[in-house]
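In the two complexes below, subunit A is the common chain; its partner is subunit B in one and subunit C in the other.
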Partner chain A sequence: MRFSSENIARNVFFLCTIAGAVVISSILLFMIALGLPLFKESSFFSVWTGPWDPYQGLYGILPMIIGTLWIALPATVLALPLSLGTAFVITILGGSRLRKILGVLVRFMTGIPTVVYGFVGIFLLVPLIREGFGGAGMCVLAASIVLAILISPTMILFFSDSLTSVNPVDVRAAKALGADRVQRLLYVILPKAFGGMTSGFILAMGRALGDTLIALMLAGNAIRAPRGVLEPARTLTAHIALVKAADFNSLEFRSIFACGIALYLFTTTAVVAVRFMDYKRSVVQ
Partner chain B sequence: METKDKIIVKGVSFFYGRNRVLDNIHAIFSKHTITAITGPSGQGKSTLLGLFNRMWDDVPGARCTGEIRIRLGDRWVSPLKNDIPMPLLRRKVAMIFQEPNPLPMSIAGNMAFPLKLAGVRDKSIIEEKVQKALAQAFLWEEVKDRMEKSALDLSGGQKQRLCIARALVLEPEVLLCDEPTSSLDSKAAGIIEDFLVGLKTSCTLLVVSHYMDQMRRIADKVMALQEHGLSQI
Partner chain C sequence: MRKTSVRVLVIFFAFCFSASPCFGEALDAFEGQKGTIKIAGGTAHIPVMKEAAKRIMTRYKGIVITVGGGGSGVGIKQVGEGLVDIGNSGRAPRPEEIEPYDLKMFKWAIDGVAVVVHPANPVKSLTKDRLKEIFSEKIDNWKTLGGADHAITVYTRDEASGTREVFWEKALDKDLISKKALFIPSNGAMKTAVANDPYAIGYVSVGHMDPSVAPVTLDGVTPTIETVANGQYKVSRGLYSNTRGEPKGLTKLFIDYLFTAEGQQIVVDNGFISVK
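Now for the complex of A and B:
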C-alpha cells in the first residue's frame, strides 16, 4: 500500500464521511430509543395520529405535525415570490447600484437574530391582525408571515448563487442572438439554475419547518390542529421547547423524541426529494 | 457614403472605466465582403467586433464614443445612438465566437431559439428556416436524424457550424466572427472557412483571426489593429 498524500487524503475524507453518517444515524437511533417508553405505553400508531391530552393519557403529536405544516408551508410559499424577485434583481435585472444595495441588505438580514423578527411580529404584526381580523392575533398567519421574512434571505442567497453560477458562455450566446435580459433569464439562466434553486427552496423550507422561536412567540401554541390561518397552532419545535421542563421519565417529556423523529423524517424527505429531482434533471440533460 | 458601404466607423474610442481600449478608430467595410482583422493580442480586436452589435452594453464601466453607422436594408442605423432596438440589431448583426457555444438544449432547440426570441411561433416556418440554415452550414445531412439529441454531444467542428447556422437562421446582414476556427483542427477549420466564403453572397463578414494564411485564403481585405489604430495591410 502506498502512503501517498492522495491516498491519505482520500482515506481521511472517507473516514469523515463514515463518521458523519454514523452520527446522523445515531441521532435517529437515540431518539427512537429514548422515545420507546412512549411508543410502548401509548400505541405507536396513536402517537403519530392521536390528539395531545396528557390528563387523559393521550400523547399524540398529530396537532403539532399539522401545526408545523400549517405554518411552514405558507411561509415557504410566501417567501418564494419575494425571494425569486429579489434574486432576479440582484443578479440580472437590477442596475449595479441597486444590486449592491440589495445584496448588502440581504446579507445583513441573515445576521439579524430570530428573536428580533419575533419582537417585530409581536409589536407590529400581531396588533394589525388582531384589529383587522379579530381574535388574539397570535395565529398561523402572524407566524407564517414573519417566518417567510426570516427564511427569505436564505432563499435569496441560494437563488442568487445558482443564477450567477450559470456558464457565462451560454448567457453570452443568448445575448448575441438578440435575447434581452428577461429572455436570457427565462430561457437560459433559469433552466440551468433550476436544480440549485430547488435545493435552496427545500433548504429554506427545512429552516421554516425547524424554526422554534417564531412559532413559539407568534403562533399562540394552542394544542389543537388549526383549521384556518387565523387560528393558533403549536409546532413540533415549539412543543419540544414547551415540554422539555417536564420530568425526564414522564411520557410527556418522551413525546419530544417523537417530535424529533417527525422533524427528522420531514428533513430527510425534503433532502431525498432534492436529490431525486437533481438526478432526474441530470438524466434528462 | 457610397452605396457599396455597409459599415462606417468614425473616430470610435472605447473605455472600460478609465482604461482606453480603442482609440480613435476609423474604417469602412463594404457590402458582401470578408474583412479580416488581425493584430497583437490585447489590442481590442474582439472589443471592436462587439461594438457593432453592442455586446458591451451590460458591462459595468464600459463606454463608447464616436460614430458607427450600419446599413441594414435601406436604412442607416447608428448602434451607439440606440436608434434601433437592441434585439433587432443583434439579429441583423449576428456574432459567432472563438469557442463554439451551443446552448444546453437539443440541436432543434438551439436552432429554433433565435426564431422564438424573434417571436416566430409557426412550427412549419421554424422547421423550414432551421433546415435551410443547417443545410447552408453543411450540417443538415449529419444531424437530420438526431435533431432532438443534445447539441453538446456534437464534435467541435459540428458545434461551431451549428452556432453559425443558428446565427444565420435569422438571415443577418452582418456576421461578426471572433476567431471562429482557432479552437478547431485543420480539417474542421477548412470546412468553416469554405462556409464563410460562401456566405459573402448574403452577408458582410468581419473576421478576427491570427492566422495570416487563413486571412489570405478567405479575406477580401485585411486590416491590422495596432496602437495607432486600424489600418489596411
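Now for the complex of A and C:
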C-alpha cells in the first residue's frame, strides 16, 4: 500500500464515517440503557401504549406519540400545496423578476428563528382561533399552521432544486414539439423531478416531527391525547422539554429516553423511506 | 434546545454611567473580586437575581453573573450536579434532594401563589372548593360562576415548577388537575398566556403580578403582598437559593448580598416579601 495522498484522504474520510456511525448508534444504545429502569418498573409495553399520569404512577408516552402525529402530519399536508405552488412559480411559471423576489424571500424565511414564528403565533393566531373556532386557542390547529409555514421553505428549496436539475435537453425537446410552460411542467419536468421532490417532502416531515418550540409554545401541552384539531396536545419533543427538569432519578425523567427512542424511530423510518425510494429510482433508470 | 429557559446573560459591563458610587456599602464586599457566578432554576426568582446581578456587575467589571431559568427542579438538579453555582427553587428542596448533594438552602424572600384570570373576567372571587372544581374540570364553563358563556381554559405549570407544587398542595389540597389543562413553562409565560386569553384561569407568583392579569380572591382573601406577609393568604412559600455545600468565595458574597438591607430592598421592589 502506497502512501499516496489519495490513500490518506480515503482513510481519513473512512475514519470520519466510522466515527459518525459510532456516535449515532451509541446514542440509541445510551437512550435504551438509561431508559431501562422505566421499562423495568412499568412494563415495556405500557410505556408505549399507556397514558401519562405521574401522580398515579403511569408513565406512558402514547398521548405524546399521538400528539406528535396529530401536529406533524397536518402541518406537512398544509405545507405541501403551498410549497408545490411556490416552487412551480420560482422555477418555471413566474416571470424572472417574480422568481428572484420569491427566491430571496424563501431563503430569508429559512433564516428566521423558530421562536419568532412561535411568538407571532401566540399573539396573532391563537386569539384568532380562540375567537373564530372556540376552544382554548392553543391547540393542534395553531401549532400545525405555524409549523406548516416553518417547514415550507425546506420543501420549496428541495422542490425547486429537483425541478431545475431536470435535463434541459428534455425540456427543449418538449418545447420544440410545441408544449407550453404548463405542459412542460406537468408532463416532462414533474415526472422527472418526482423522486427528489419526495425526498424533500419526507425531510420536511422529519423536521415537523422533530420541532420542539412551536408545539411547546402553541399546542398547549396538555397530557391527554387530542381528539380533534381544536384540542391541545403535547408532542414528544415538548414533553422532553417539560419533563427534563424533573428529578434525575425519577421515572418521569426516565420517560425522556422513551420519547427519544420514539423520535429516533420516527426519523429513522423517514430516512430509510428516502433511501429506499432513491434506490428504487436508480434501479428503474 | 429549549429557548424558553432563556439564558439571560446580563452583561452591563463598562461604559455604564449608572456605575456612579451612589450605592450603599453592601456592594463593597465585592471589592477586588473577579470571576463568574452561574445561576439557574426557579423562574419566580429571575427579576431579583437580574437586578442584583446588574448592580454588582455595573460596579465591578471583573464579575460576570449569568441568570437562567428552567424551574425549581432544574435549579436543584443543576446545582447538585455542579453545573451552576446557585440553584434557585420556589419550594424547599426535599430531603432526598438535599442528602446526596449536601445542599445548603437560603430563604431570602416570601412569595404567594395567586390565582389569576383575565382582567375582563367578571369572576374575581372563588371559594377553594370552586377552585378545585374548576381545576378538575367539574365546572367547565364560566357561566356557572356568573361569567361569560364560554368554556374555561385551565392553565397549569410544568412538572419542574415550584409554583405548581405550592399551588397544588396549598390551594388544591393535592386534588386533581384536569388532563386538558394547558402547560406553560414559566411564571412570565403564564402571565402572558392569561393576559391574552379572556377565558383563562391560571396561577402565578404574587411578585410577578401586574395589571395585565387580575388576582382572584380565594375564600375572601385577595392575594396581595400585605395578605401574604401577614399570613392571611395561605398559598405562600419561600424563595430559596441553594448551593452545594457551604457557599464559598463569590457565591457566598452574592448570597450574603441578598440578605443585606439593599438586597432585601430589591426583594421588596420586585413585589416579594422581605424575610427580615
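Please note the rule applied: the second predicted complex is superposed on the first by the 285 of 285 C-alpha atoms of A that agree within 3 Å, B and C clash if a C-alpha of one lies under 4 Å from a C-alpha of the other, contacts with A are read in each partner's own complex, and residues count from 1 in each chain.
Just so it is clear, contacts are C-beta pairs under 8 Å (C-beta built on N, C-alpha and C of every residue); 3 or more make two chains touch, one makes a residue touch a chain.
For clarity, every value in this text was computed on a predicted model and none was experimentally measured.
Asker: What does the overlay on subunit A give for subunit B and subunit C, a clash or a fit?
Answerer: On the shared subunit A, the partners fit.
Asker: Based on the superposed arrangement, let me know which partner A:212 touches: subunit B (first), subunit C (second), both, or neither?
Answerer: second
Asker: If you stack the two complexes on chain A, which partner ends up touching A:252: first (subunit B), second (subunit C), both, or neither?
Answerer: second
Asker: Quick one: angle from subunit B through subunit A to subunit C, Cα centres, nearest 10°?
Answerer: 150
Asker: With the two complexes superposed on chain A, say which partner A:241 touches: subunit B (first), subunit C (second), both, or neither.
Answerer: A:241: touches subunit C, not subunit B.
Asker: Tell me which partner touches more residues of subunit A in the superposed arrangement, subunit B or subunit C.
Answerer: C
Asker: On the overlay, how many Å separate the closest CA atoms of subunit B and subunit C?
Answerer: Between subunit B and subunit C, the shortest C-alpha distance works out to 45 Å.
Asker: By the touch definition above, which subunit A residues appear in both interfaces, subunit B in one complex and subunit C in the other?
Answerer: Shared contact residues on subunit A: none.
Asker: What residues on subunit C touch subunit A, complex-wise?
Answerer: It comes out as residues 1-4, 70-71, 73-74, 77, 81, 97, 150-151, 153, 158-160, 179-185, 192-193, 196-197, 199.
Asker: Applying the document's contact rule, which stretches of subunit A touch subunit C when the two form their complex?
Answerer: 53-54, 114-115, 122-123, 126-127, 130, 134-138, 212-213, 216-217, 220-224, 231-232, 234, 241-248, 252
Asker: With touch defined as at the start, can you tell me which subunit A residues reach subunit B in the complex?
Answerer: Subunit A residues touching subunit B: 96, 169-170, 172-181, 183, 187-188, 191-192, 285.
Asker: Can you check the complex and tell me which residues of subunit B touch subunit A?
Answerer: It comes out as residues 53, 55, 58, 60, 86-91, 94-97, 99, 101-104, 113-114, 116-118, 150, 163, 166-167, 170.
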